[in-house]
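Below is one structure, written out as structure tokens, with a few remarks after it.
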Amino acid sequence: MEPMALGRAVARVHTTTPLVHCITNYVTATDCANALLACGSSPIMSDEPMDVEDITSLCGALVLNIGTLNAQSIAGMRAAGAKATALGHPIVLDPVGAGASALRTETASELLDEYGVSVIRGNMSEVKALAGASATTRGVDADPADAVTDENLEQSAAFAKKVAARTGAVVAITGAIDVVADAERAFAIRNGSPLMGKITGAGCMLSCITGAFAAADDGALLESTVAAVASMGVAGQMAQARMGRADGSGTFRTYLIDALFHMNGDILEQHAMVKSI
Amino acid sequence: MEPMALGRAVARVHTTTPLVHCITNYVTATDCANALLACGSSPIMSDEPMDVEDITSLCGALVLNIGTLNAQSIAGMRAAGAKATALGHPIVLDPVGAGASALRTETASELLDEYGVSVIRGNMSEVKALAGASATTRGVDADPADAVTDENLEQSAAFAKKVAARTGAVVAITGAIDVVADAERAFAIRNGSPLMGKITGAGCMLSCITGAFAAADDGALLESTVAAVASMGVAGQMAQARMGRADGSGTFRTYLIDALFHMNGDILEQHAMVKSI
Amino acid sequence: MEPMALGRAVARVHTTTPLVHCITNYVTATDCANALLACGSSPIMSDEPMDVEDITSLCGALVLNIGTLNAQSIAGMRAAGAKATALGHPIVLDPVGAGASALRTETASELLDEYGVSVIRGNMSEVKALAGASATTRGVDADPADAVTDENLEQSAAFAKKVAARTGAVVAITGAIDVVADAERAFAIRNGSPLMGKITGAGCMLSCITGAFAAADDGALLESTVAAVASMGVAGQMAQARMGRADGSGTFRTYLIDALFHMNGDILEQHAMVKSI
């Protein structure tokens, strides 16, 4: 992917200021909203079934995050998912904790099967759980190591492509090395900071930002997802670089939002480390 | 309004340390609680219908914010609203997203019609939606431009006064220029920072602080609401003034709470830009 | 208690990186998650009755915080409490607002009576309400002054021991002076900062951290609870010591997480002020 495509994706978010409807967990909702605002988009959070159809109709994308799912919010996700699908809005699915409970695995799998999910964004364990659960037999896929490393990078890319082919969604598996793939192409992104794992919500924020990037250009979902993932990674590096000796994960969290606020096409093009796999 | 009235309002919050019952959205609840604590008040969040009557009875004011309303919290708002009305507690209504969905418009309208709302705090679009929805015909009022500007300031003040006269509530319409009015008087407040629109919750925090100011002096609701709005605006300016080159909306959010923490009568009297319209 | 016991408790959290299942309020959930991550543990928030049994089974401890309890989360607390009790996991109960509403007092009391609560962490008013409510007659106990002071320290310790003896739980009553007791021993901890009362969530974060410490060593609950309380207090002092003139409660909140992030056995042993009562 040429760097200019990444820069253009960032610029398009600033130009179009998309509204993003988020049904997300209450643990990281504040940070998700602030991340969306920082990157030039606007959040609307709503999970009440009676409310979500009107809300999602106003927006350019829908983000479904099952981090603190409950009976009411699952009903809200279904109603919003159906409406967004009908309207052709991109849907980002963040299967938080898929594999950790039957309810999470089944809910994520159902959302994926029933609605027009455009992007799946999770860690490798979650995407594996989702891939297994969404197979016809609900059996467990072959078990790739959970961490993406230089050694298993090609295997991980092949797995991501396979899930993308099966689901029709762009698949973004994030970790120390991020892998983003559609059915035909896969990219490795080597940005980010280990401190992103020491705060809550780095993944949730990324899923929301991915929704904003998708809304800004839903005709180029692979490019926009790579740009979102790289933006978050570069922001993590910028945040870490500012930290002083007494600073810790609290300050990092604040600086991460600051970095998203200052992100632009030039910064992203200069610092993104994206390679075709 | 004389500056001293503003200073006295801030001081009364510090002196009386009012408890404020908030039924508010989960996106900004943390920041609302921290804003209330920073300005010398204390928050209690509770939205469960079985819990809210006891809780609101202990408090000096009730804030109803429909940002992430759901069936359960709407029931909680009704029960709390009825109790607070019966006790004569000031109620602040923040109609987040009124106009964006039928449920939000109708819920905000119902709360306004059924309970003793003392202050409505929203942006111009929300207050317009609420004003239209609460009219007998549910028709849409004449459409004033959504942004309050020097050009439409008198018209905006007249609109705010009309809503105040119709509802019996003080009306606070916030934006680049804030307008606060009762049926007879209107004030323009020209404090604040554009960065307040780049974080989530500036409006929600203001609604909660307005509740604290109202609880501290419910006999002078217009003055206390102007003081709350001006406090938030001056805090935004103080926060922006501290920012360095790498700081962004993350740091601004932290500094805004810091500024509320340091706010006092002298600072407010010196920096508030309040003019009768 | 010898300082080395405290240092070892901190180290054990870093070594074992326990998963902690939190059913907690939406006001402070973000800060609770970030505090757990900062101290080397990992949070999972889940309150849906259909989800909690699977989730709590994966974890090393369960924290029940009734700060924004509702019908659904109470059902979740019951299901999780029963499962954690069956599995022998330590349970930390934070009776937020017990005494402020009948629902809170009764719910906290029921959770304490029905499930294997290992640690009660609250302020004196909450623990008093809980102690009264859990008595057979539901009468109100003799009324010790709510603030623990040098004057009533022995009386407060005796009260904490009595509650511990009656409930079988370690009791942590926090305030300007913290008291932690089991049925036989009591300790006073004189760390902390007055600013901890000016942010929301200092108590909730402590309850979650107490869960992490308990999970890391559930064979020494008194020691691990004292270590958790002292860690939070020392972190509060470290955060306050960093503050500049314009900093306020917003910055303090960030620095508190930073301090938890940097906490280790050496720092804790050097700064903890723990005395047997």
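By written order: A, B and C. Residues from 1 in each chain.
Here is the rule we go by: a residue touches a chain if its C-beta (ideal position, glycine included) is under 8 Å from a C-beta of that chain, and two chains touch if they have at least 3 such contacts.
Here the structure is a predicted model, which is why all the values come from computation and not from measurement.
Asks: Would you identify the shape of the chain contact graph, picking one of line, ring, star, complete or other?
Replies: complete
Asks: Mind checking the rotation angle between the two copies, subunit A and subunit C? C-alpha superposition, nearest 5 degrees is fine.
Replies: Rotation angle, to the nearest 5: 120 degrees.
Asks: Using mean CA coordinates as chain centres, what's the subunit A-subunit B distance in Å?
Replies: 34
Asks: Which subunit B residues sit where two or more other chains touch them?
Replies: Each of 26, 30, 72, 253-254 in subunit B touches at least two other chains.
Asks: Quick one: which bits of subunit C touch subunit A in the complex? Just the residue numbers, please.
Replies: 26, 29-30, 33-34, 37-38, 43-48, 50-51, 54-55, 58, 72, 242, 253-262
Asks: Within the complex, which stretch of subunit A touches subunit C?
Replies: For this pair, the touching residues of subunit A are 25-28, 30-31, 67-72, 97, 100-104, 197-201, 246-251, 253-254.
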